[in-house]
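Shared chain: chain A. Partners: chain B in the first complex, chain C in the second.
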Partner chain A sequence: MNLIRDIYQSIVRRDPLSTDKGKSELVFLNVWLHIHPAKVKKESLKFKHTFYLGFITFFLFVILVTTGIALMFYYRPYPPHAYQDMKDLQFVVFMGPFLRGMHRWAAHGMVVCVFLHMCRVFYTGSYKKPRQFNWVVGVFLLLLTLGLSFTGYLLPWDQLAFWAITVGTNIGSYAPLVGGKLREILLGGHTVGEAALLRFYVLHVAILPSFMILLTVVHFWRVRKDGGLSRPVWKLKPNKPEQLVTIGAPPQTAPLNAVAASTDKTYGLMEVVTGKPIFETITPDEEEDAVFSYPYAFFREAIALMVTVTGIMAISLFFRAPLEELANPAKTPNPAKAPWYFLGLQELVSHSALLGGVVAPTLMVLALLAIPYFDRNPSRRPSDRKWAIWLFTIFVVANLVLIVIGTFFRGPGWALVPPWVHVVAGAE
Partner chain B sequence: MNRRNFLSWGSAGVVTLGTGVAVSLGAVVRFLMPSVFYEPPQTFKIGTPGDFAFGMPTFLVDEKIFVFRDREKGFSVASAVCTHLGCTVAHFQSDNRFHCPCHGSVFAPDGSVIHGPAPKPLQWFEVTLARDGQLRVDKDKVVPAGYRLMV
Partner chain C sequence: MGRRLPQIFFGLSLLALVLIVAAVWQASTPSWKTYQRQFLQLEAQGEPNAVTKAAVLATPPQIHQVMLTGLQRVDRCTTCHLGVDDPTMKNAPEPFRYHEGLGSHIPSRFGCTICHGGQGLATDKKNAHGDVQFWETPLLTKEYIRASCGRCHKEGDVPGVPELTEGRHLFETQGCRGCHKLNGVGGSIGPDLTEEGANHRSPEWLERHFLAPNAVSAGSVMPNFHFTKDQARSLTYYMLSLTNEEMGTYYSSERLIPSIEYGRQLFVEKDCIVCHAVGGVGAKVGPDLLGVTKRHSREWLDEQLVNPELVYPGSAMPVYDLETNARKALIAFMSSATPEDAQAIMAHKGTGLAPEDAAIEAGKRNFARFGCAGCHGTELQGGLPNPNAQGGQVPSLVHLADDYTKDEVIAVIRDGRTPPLEDAKGPTPPLYMPSWKSLLSNEDIHQIVEFLWSKQQKKQDSW
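And then the complex of A and B:
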């Protein structure tokens, strides 16, 4: 029995979780958990502040990596086999449709959640100093998410795949100076063929996920180093520098048992240096408001994880990932539509490939990247940032409107057709 | 090491390192450009003149071309690849025009853009008669819309 106890204690060296020291050590003696602080501000964990969108996005990515690796066992990125393997996954492989469904729906979910997460961060002003750079990292994570979606849907080698990549890489060729070469490098040739499939596969399973993981690590690290999870706007301290107090009565905000740093606490100091930290600091009375990450934060994260996984599993039980007919370079489907999240872009390129496909998206990304540096208003209160909120809302609505038009109002030949009118494609 | 030495060795080092990085990046780009393309040839034979009917164009699926044969004017070959974003256009007999399914570009029978986002007219390729009597198309040789081969 002693041996078992010794082995257990060699693995788990913290104090029991019933003690505060044990709760802290659980976090900072564990390599996987120590990205968390030992204590978090209670209000930062409020669901209605963040909707846990960042966590959910991360969990969706975990689902995508897991199911993606599983799918790799049955998929060969070579035109004669690729579509056949998709059919095998659909009809032969044990749990194949379920795994492919999870991969597809988690991917769609990730696009949605990344976007909503960005909106949440904007509307709560959480990109403001000192968090500007983390917003920039986030924009690149959004681009990587879209890049992974784009490279992912070539792989089934069906009609959607073939024509989406044909159109997508042709949009790239409109880029000034490098366009033509860019397309040739992406495709490994001049047409969408076996070289292109292999290249998109390598991008999809190796290169883009690596960058995704690297930037995710930076993103999380910076959340922590920039002051932890952002605080809800409604918990911000009022702008008034001084509060009126009645002499003789205790101030309303005074904590009941505020004490100075106690001598019971121990600190591990690495080095004493002078200077003010760049991140938000906690004052003793704010610390009263903090709770241990174990169990408060971990419990909520576990709930978010379970809801995300069961949600994706449930959707995958009832809805299969779509698979169109085998890629046919000779026949473009009519209408040929990209997945919904690219239909806004497709709507733009249907007006002009250069302006809609290259200039507008580039300007949009540059505008997103510039937000934290141009918005120098330090206040996070919505009432102080009406202009910023209006501009961003217009941006969001414009994107949604374009997607809705592309999805529901475009028929054969990309003609404007209301969704309640049924048109039989006029192919002759 | 004095200041002068430090700066001269230092700048030499920076230049060497910069050159090394630039050359390596160039090598990476060159590596990604295939030296051989395993793609269908750009020049190919499409059959004898007698294989093609007069009037409406014949669509060749694999080559993505339309072959026109006119009683007075002879043969001409148009690309079926939309100049906008590379979808395959279809020829509608009803209006004798080319329609692109992706973004709605419409081309006239001579290849010029009638409406839609396409920036350029459809391409016309050189068509010649090979020694064995077959028609030969060269997609690398783009010719003006009026080009005809009389057989």
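And then the complex of A and C:
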């Protein structure tokens, strides 16, 4: 019995979870959990504040990595075989369709959730000082997500993949001077072929995921270091902005609870560096709102994880990932469409290649990156930032409308055809 | 709420478990396993004792597949069609029935889809039979399946499939190439037909299309050639056989079946009768061919056809560049040829042609082969409707010499021409004269013009 206890205690060193010390140690002593604070503000966990979109996005990424690695066992990134491997996944690999379904639906879900997460952060003003840089990291994470989805789109090597990538990379080639070269480097040639498939594969399974993981770590780290989970707007105290301290610079206001160094107390390195106690963000009057991360935060996160996983599994059980005919460069579908999240761009391109394909997306990304630095209004209250909310809403709605038009309202020859009108294509 | 969090988490975990079990169940109960169980029961019925019966029933389910590297396909049809090569399953119900009459086309060498179509990689009925979106070659019905013979046997006569021979003949004589490309040769007014057999067009559609193009494809430029039902069927067969797959040597070596009929064709084409006789009928320059297959081995004859000088130094026989199966066909014909055959061939053969006539003859062949006849008619009568072109139809060529010089006609053939419009504001006429300079040599064009001039009719005197 002693042996078993010894083994258990060698693994789990904390006190029992029934004690506050145990709850704190669960966080401190665990490499996976210590990105959390030991205590969190209760209202930050409110569902209607964040909708847990950041967590859900991260969990979708975890699903994608897991299923993606499993799929790599069955896939050869070479044109004659790639498509056959898809068919094998569909017909002979045990749970192959389920696996591929999960990967495909989680990928679409991630694009959606990243976008929704961005909207949530904007509308709650959570990108404001000192979180500006984390918003910038988030924009790059959005771009990486689109890049991952786009590179993954080609891998099945069916008609959908081939023509979506052909159209998608054509949009990029409208950039003056560098556009054509850029496309050539990306595709390893002038058309989508063997070289393009290999390049997209390497980008999809090695390069982009590495950057994704790196930036995700930075993103999480910065959430913690920039003051933890943001607080709901409705909990903000009137006329008193949050007392948050920027790392590396001396605090502008004296931290509450600051006491002169005492000879009776041992100070940790963190306290010496920041010049304040570790629980800096929790003031005595807030203390009553704070709860231990275990169980309050952890169970909520775990529930978000389970909802994400079960949701994707349920969808994959009933809906198969599509697979069209083998890619055929000689047979152009009409209309050939880019992946749905780029259809807004394609719609713009159909009006003006240079403006729609180059200027508009570049400006969009630059504008997103600049938001936290241009929006100097310190208030997070919607009533104080009507202009910002209007502008962003117009941006979101315009994007959605363009995507809906491109997806559902464009028929052969990119002519305006409502989805309820059936067009018989291929009449000669 | 806080207190119920663990319960919710536990409930969701349970749901996840249920979903995993459902996914595993879904994956482990494919329909082919049911078919295999049924087949094993069928097999076990025939076993005499209980031990072997149990052994048969205990066979674990597995996917059967035929890897056909030469045909670049993998056929898993035998996963369910388990009795295909088992003669004892002659009266078994489908999908287990034995496939009779395959001859040398055994499933382990040919698979199924090369003839039947469908999706060889699939392991469920709907997908395997190709009756799904995004699969271009669904199963061919019994009525049309013999068209598949032409996928490997691309040339010559295919025994038992006269439709293919007829279809090919029609294609080359009715001027289809005037508008359609096939293997790189032909016009570009209509679609390229090189891979027409892999295009997910139903045979019924093709057949109706040949009978009345406009009825199935509204606004089609293709004129109605007034084919008979049999001709439409033959052309449909030919279209279904057109695929552009790469095939291994084992399969492509039978492009041409060495049949006696094809041997006779070659015998006529190569004018063997000019030097040889069969049982005394014919010329006496070379040896008489009656019983030649009894005097010499087939290998010897084959060598003789490849390189006559090697067998008989100083032989007067010219070298004919014949492929293996063409030589086989010739030898097959020689082994069966009788004096009556020779008589018939002699009777058909006209007298030798003068050089001018030879040019006209060659021009006539080119006129048909490159598809001029498609629009201008086999008798140069023209007359196909061509809306908004001057006169509203393709011009007749029988009075060509009245309005044009030979050089002008050569220029039109070489560079092509869009017809002058009837109404300058109206739509572009669907048919036009394509440019032929990339396909036809100057000599070809000259021959065609000679042929056209030989057909000119005297203008009716107005007196």
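The working rule: the second predicted complex is superposed on the first by the 386 of 428 C-alpha atoms of A that agree within 3 Å, B and C clash if a C-alpha of one lies under 4 Å from a C-alpha of the other, contacts with A are read in each partner's own complex, and residues count from 1 in each chain.
What we mean here is this: a contact is a pair of C-beta atoms (placed from the backbone, for glycine too) under 8 Å apart; a residue touches a chain by one contact, two chains touch by 3 or more.
This one's a predicted model, so the numbers in the text were calculated from it and none came from an experiment.
Asker: Let's test your reading of the overlay: on chain A, do chain B and chain C clash or fit side by side?
Answerer: Pair status: clash.
Asker: For A:F98, is the partner it touches chain B (first), chain C (second), both, or none of the two (neither)?
Answerer: second
Asker: Look at A:I185 in the shared chain and tell me whether it touches chain B only, chain C only, both, or neither; answer first, second, both or neither.
Answerer: A:I185 sits against chain B, while chain C stays out of touch.
Asker: Could you say whether A:L317 touches chain B, chain C, both of them, or neither, answering first, second, both or neither?
Answerer: The second partner, chain C, only.
Asker: So, A:V309: does it touch chain B (first), chain C (second), both, or neither?
Answerer: second
Asker: Based on the superposed arrangement, let me know which partner A:N399 touches: chain B (first), chain C (second), both, or neither?
Answerer: So A:N399 meets neither chain B nor chain C here.
Asker: Scan A:G413 for contacts with chain B and chain C and give back first, second, both or neither.
Answerer: In the superposition, A:G413 touches chain B alone.
Asker: Quick check for you: in the superposed arrangement, does A:A353 touch first (chain B), second (chain C), both or neither?
Answerer: Only chain B is touched by A:A353; chain C is not.
Asker: First (chain B), second (chain C), both or neither: which does A:T216 touch?
Answerer: A:T216: touches no partner chain.
Asker: Common interface residues of chain A with chain B and chain C?
Answerer: 427-428
Asker: Show me the residue ranges of chain A that touch chain C in the complex, using the header's touch definition.
Answerer: Checking each residue of chain A against chain C gives 80, 84, 87-88, 90-92, 94-98, 158-159, 295-296, 299-300, 302-303, 306-307, 309-310, 313-314, 316-317, 322-325, 427-428.
Asker: Touching residues of chain B toward chain A in the complex: what are they?
Answerer: Listed in rising order, the residues are 29, 32-34, 37-39, 61-62, 64, 84-88, 90-94, 99-104, 116-117, 119.
Asker: Quick one: which bits of chain A touch chain B in the complex? Just the residue numbers, please.
Answerer: Per the touch definition, chain A meets chain B at residues 163, 166-167, 170-171, 181, 184-185, 188-191, 193-195, 329-336, 346, 349-354, 357, 412-415, 426-428.
Asker: Could you please specify the touching residues of chain C with respect to chain A in the complex?
Answerer: Within the complex, chain C contacts chain A at residues 2, 5-6, 8-9, 12-13, 15-16, 19-20, 22-24, 26-28, 63, 72, 74, 76, 121-124, 127, 134-136, 190-191, 217-221.
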